[in-house]
Every structure is written in C-alpha cells, then in structure tokens.
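Some structures to go through are shown next.
In what comes next, chain A is part of two complexes: it sits with chain B in the first one and with chain C in the second one.
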Partner chain A sequence: MRETRLWSWHLLVIPIIIVLLGLHFAIMHYAPVFYGVSVEEARNFETMIERGKSVSQLVLYILLLAAALYHGLYGLRGIIRELPMTPALGKIVDITVICVGLFIFAFGTYVTWWTFSYPVGG
Partner chain B sequence: MSDKTTTPREITFRVRRFDPDVDTAPHWSEYRQHVHDGMTVLEALHQLKAEQEPTLSWRSSCRMGVCGSCGMFVNDLPQLACQTQVLHLGTDVVTIAPLPNYDNVKDLVPDLAPLIEKHAAVKPYIIYLDQIEIDSPTGEFIQTPDQREEFSQFTHCIKCGLCLAACPTVATDPLFLGPQALAQAYRYTADNRDCGMKERISAIDIFHGPYQCHLAGACSQACPKGVDPAFGIQLLKRALVLDSIGFGKKKPSVAKIMPLADVVKAIEEFAPPPRTV
Partner chain C sequence: MNSKKSTAYNNRLGIKGWVYAGKYTFERYLYLAHRLTGMGLIAYMLLHILETANRMRGVVAWEGLMGLFALPLFKMIEYALFAAAVFHALNGVRLLMTELGFFLGRPKEPVYPYSSSIKRHRPLTYIIMALASLIIILGGSSLFFP
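After this line comes the complex of A and B, so read on.
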C-alpha cells in the first residue's frame, strides 16, 4: 500500500480518537456530570456490564480500539523502522506490527462483545 | 578591543585525517597558519597543502560556490569551504572534518555516491508521456513566471550534499531519501510541463520517503544556495496526498502553443541587428 495512504489515515484518525476518547472520558470519568451517578458507581461491575449492553457503547469502543491501535502502531512501526535495518527486516517489522495489531484488535473486540452479550443477571 | 572576525592572526586548524591505505581509524592533526581577512577555508587548505602538509586531500573545483564540491564539516557545521571565511568563524581553533552521514574516502573527501543514487532514484527530469513528441518535437511549451515560481528555488540545488550531512534522519536511517532527492522530486512534479508523478511514486511514496522527515529544518539551514528543502518535502507530501485521493496532476497543465516554425520566425524577428564593423 502507498505510504501516503497509511500516513493520511494516521492523521485522519486523530480527530476520531479525540471525539471517541472524549466520549470515553464522559462515560467513565465524568459520570457524575453526565449521568448523575458517582464515579465509583460508574465503575462497578454491574454498571459496566449494564452499560456494555448498549449497541452505541459496543460501536464506540470497537471504533476507539481500531483508531487508537492504528495510530499507535503506525507510530511504533515508524520508530522501529528508523533503526538501521535491511529492507527484508523492515518487511518483517511491518508484518509483525500488523499481526500484533490484529491480535490486540481481535482480543479487544472479543472482550467488548463478551460484555455486550453477558447474560442478564450474571 | 580587536574584532575577532576581521583581525589577521595565527589560527590553529584541527583537520581530521584518514588514509585508508595506512590508517585503521581517522585521527586529528593540528596545523598553525597565518590567516588574513577574507581568506576562505578552502584557501587556507590550499596554503596548508602547499606549505605544510602535501598529502592532505579534499575535493574542490570552482572556488565560488557553484560546483558544490567542497562541502566540509567546519566547526561542526556542514559548509562549503569556498564560501566560509576563516575569520568569520570567530574562533582561534577551526576544526575541519569530512561531511558526516557519508563514508569517508580519504581525509576530507566524502563518498557522495548515496546522494547521487538517491537523486537519480526520483527521476529528476521532466517526464512527458507523449514519446513521439519527445523524440520529434513539433513545438515548444510555454511556462508563465507564476508557474515557474512554483518550483523555482529548488532549481538552485547544486548537489553539494550539505543537506544530507545536516539531516538528523539520514544520521539514523541511511535509507531515508533525504532532503535533496525529495526536494528535487517536488521540483519536477510541480513543473507544469511534467506528468511523471505516476512514474516517481514507486521511488518516493515509500516508508523512507517524505513522511520520515522529522521537520528539524537543518537541511534548509545548511543549504549554501538558500534553497528550503524542508519546505519542498512538505509540498511533496501535499502533492502525494492530492494524488492519492485522485486530485493529482493528470497531464501537463499547458499544451504546446508555439509550433517550431513560429519559434524560428520569432527568433529571427528578435535577432540582433547585423554587425556594422
């Protein structure tokens, strides 16, 4: 893939992360302001499970996970590949970063889905 | 109190020496030499070679900042020896080393092969897709001053390689195309007679291309011709992004407007008057 597209996406996801991270903060850390419940209450297991059952929350966290992972791993790949290395080793770094990214995304999605489909009443 | 930048005096030159046939590692040698006002580092080296150290090697040619041969690391800055006046450096000890970020051939001679290879890789020439027109031109292209201004400063590059020596990214990533090649890629891409972006993409739209630039700006500071390659890299990024979303230049923005016959007529029309003596 052209580096320009990878780099452009790296920048384009920044506003997406800012918006989604803002929503995350509103839900997790400013619950007393936005939801009228205490922070402790917002963070306890039952409340989280209950919140995790909303489709919007599912979409929000999967999108945030994808955007943050892409942005972070693109930067990490840039740092690693700037070290002196052969083009073949550079390719290995690229593939490793993609695999790590996919694994973390799959794991994060599984956890989010697990919360979403957690049976009511435990 | 005397002005250190104009007062003729004895200056110590610390020169990094390396002869691959004799030395296993570079070493420093010191020479004392009288320097007069206006004397350049290159002149000082010539005098040193003539009077004290006949084996000292460096590369130079025009002595007037045009050929770009005499790039050296003078007092820890990449500079052209022919454009750097010794007294203007303002120090009693002047250190001279070969350009960093290049292999060292001998003494002050850097191996500029990477510079040339990277420059050639970006196809630094106008690419016009009509091969028949290239082989048998039927007319001339026109270029307005505004169109020329788009890339004008980048045509001043003399391939001295100082920008690569100054670049912190090249220092850590030798595969980085570097400011010289990337600015030249922009220079030709921005030319209204060129439509070679497609052919250059495989060379420039890569990891070691413009996105590796750390925006240090050291290249622009080092350039002895006042070119701003760091700005060229940013302009190249913009051109690449526009191209990637389908807004790139598809064909030259001008057509041939003056058939060759008219060009000849125009030249005759504006020819100087016949000689009278």
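After this line comes the complex of A and C, so read on.
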C-alpha cells in the first residue's frame, strides 16, 4: 500500500511539472515572445529579482521545486533500489534520498524567499 | 549469488540488470533513454538549485555566472538539457497512457499472428517520438539562431 501511494504521487505530480516547467522554459527561452524582453535581459539580476517579487512566482517556484524534486528523487531511488541489496541497505538508500530531498527543498525555498523579500532599490 | 532473504525483487544481475534484455525492441531503447534523461534531469536540477542560489552573493557574482553560461559550450549543454527534457516529458506521457491502460486495444486470444498491446500501441509511440523530434529541432533553431 505504501509503495503504491508513493508511486501514485510520482505520477500525480507530473501535470504540475509539465505546466510549471513549461512556464519556466517559456520565461527563460521565449522571453521576447511572452514578456517583451530579450533572452539576455530575462536572466539579468534586476529582471530576476523583479520577477521574484510577485507572490505567484514565489508560490509556483516552491511548487515546482517540490513536485520536480519528488518526481526525480523517487525515480532515482527506484533506479538504485533495483540493484541487489539487503533490506538494511535499502533503508539507508531511502533515508539518504529523503535527506537530500528535504535539504534541497529547504534551501531552494529559502533562496526563493530571499528573492521575494529582496529590498526594493537595494 | 546471495540467496538470503533480500529485497522483494532480487535483481541478481546487478547494474547489468539495468540494461540487460533478451531482445531489444524500440520500447526497450526508449526505456533506456527515459532512464538516462531522468537521471540527467535530476542531477541538473540539484546543481541548478545550488547554482541559482548564487544570486544571494549579489549582482556581480550572478552576472559573472550568466556570462559563463553565455559561452557556446554552455549553450550546447543547455540544448542537450532541453532535448532531454522534451524527450523525457513526451515519452513520459506515453508511459502514463500505457500504465493507465489507454489506447492499448482490447485483450485478444493469443492466436497467430500475435498482436501484443505494445504492438498495437506502437503507431502512437512513433507519432509521439516524431513530435518530440520536431520540438527538439524547432527548439534548437530558436536557441542557435535567435
């Protein structure tokens, strides 16, 4: 039951990834089409901070962070756990993957928050 | 090899089990590519979050990094990443349809000439892969010839 649930989430987050990663690519590579700024400008420090100040950016990036990390790390765990290993070693793999995921999620959230709360004009 | 109680599924082939298959069909290559692109994407994403955190070190650090990424080498890497993401996403949609049972056709009696669900699914597989190739080529043109 537990494995079924974990795998279902692996699939359920996919629509989120498709939409948000699509948006991310649009912002980065099709900035002239969608935002009227050049691709170089889209990656400027000021432009990035400007973008990061909107609440929707804050929420969507954290959502993408969570969804893509879960999907990717669950996939990686599956790949590793196909190898022959004792249950104890399997447990260690699981715990390591969870720790990496939580750390990167916390760090990424902090960075996104940092951008969101960057002092205007500073 | 060790026959002691191990995990539920004992892959005695080890890493070879990742790539071993009696017969390499089209879908088998797609599986390998899906796995490789999946691992590439998660590796990239972990680095990406550490890398974009450089913004916290200020304008100079950030612009320096972006200047580096403007080099042709990084353009190539970025294109490879784009291609990997497009392939993984579209092939992933195919996997979703397969796993959830869409477009597999009705089960049939195994009477010669055999028709497996994989074979019945294959025209769709070709269409999806053609679409992925098209997007990858078009995406490339906008990256290299802005």
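FYI, the second predicted complex is superposed on the first by the 121 of 122 C-alpha atoms of A that agree within 3 Å, B and C clash if a C-alpha of one lies under 4 Å from a C-alpha of the other, contacts with A are read in each partner's own complex, and residues count from 1 in each chain.
Please note the rule applied: contacts are C-beta pairs under 8 Å (C-beta built on N, C-alpha and C of every residue); 3 or more make two chains touch, one makes a residue touch a chain.
Treat the numbers as computed from the prediction; the structure is a model and nothing was measured.
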| item | value |
| --- | --- |
| Touching partner for A:I14 - first (chain B), second (chain C), both, neither | second |
| First (chain B), second (chain C), both or neither touched by A:E82 | both |
| Contacts of A:G90 with chain B and chain C, given as first, second, both or neither | both |
| Touched partner set for A:T4, first chain B, second chain C, both or neither | first |
| Partner chain(s) touched by A:V39 [first = chain B, second = chain C, both, neither] | second |
| Chain B versus chain C, judged by how many residues of chain A each one touches | C |
| Contacts of A:G72 with chain B and chain C, given as first, second, both or neither | second |
| Shared contact residues on chain A - chain B and chain C | 81-84, 87, 90 |
| Complex contacts: residues of chain C adjacent to chain A | 1-2, 4-7, 9-12, 14-15, 17-18, 35, 38-39, 41-42, 45-46, 49-50, 52-53, 55-56, 59, 62-63, 66, 69-70, 82, 85, 89, 92, 96, 99, 139, 142-143, 146 |
| Sites on chain B touched by chain A in the complex | 169, 172-175, 201, 205-207, 209, 211-212, 237, 240-241, 243-244 |
| Residue numbers on chain A that touch chain B, as the complex places them | 2-5, 7-8, 78, 81-84, 87, 90 |
| Sites on chain A touched by chain C in the complex | 11, 14, 18, 21, 25, 29-30, 39-40, 43-45, 48-49, 65, 68-69, 72-73, 75-76, 79, 81-87, 90, 100, 104, 107-108, 111, 114-115 |
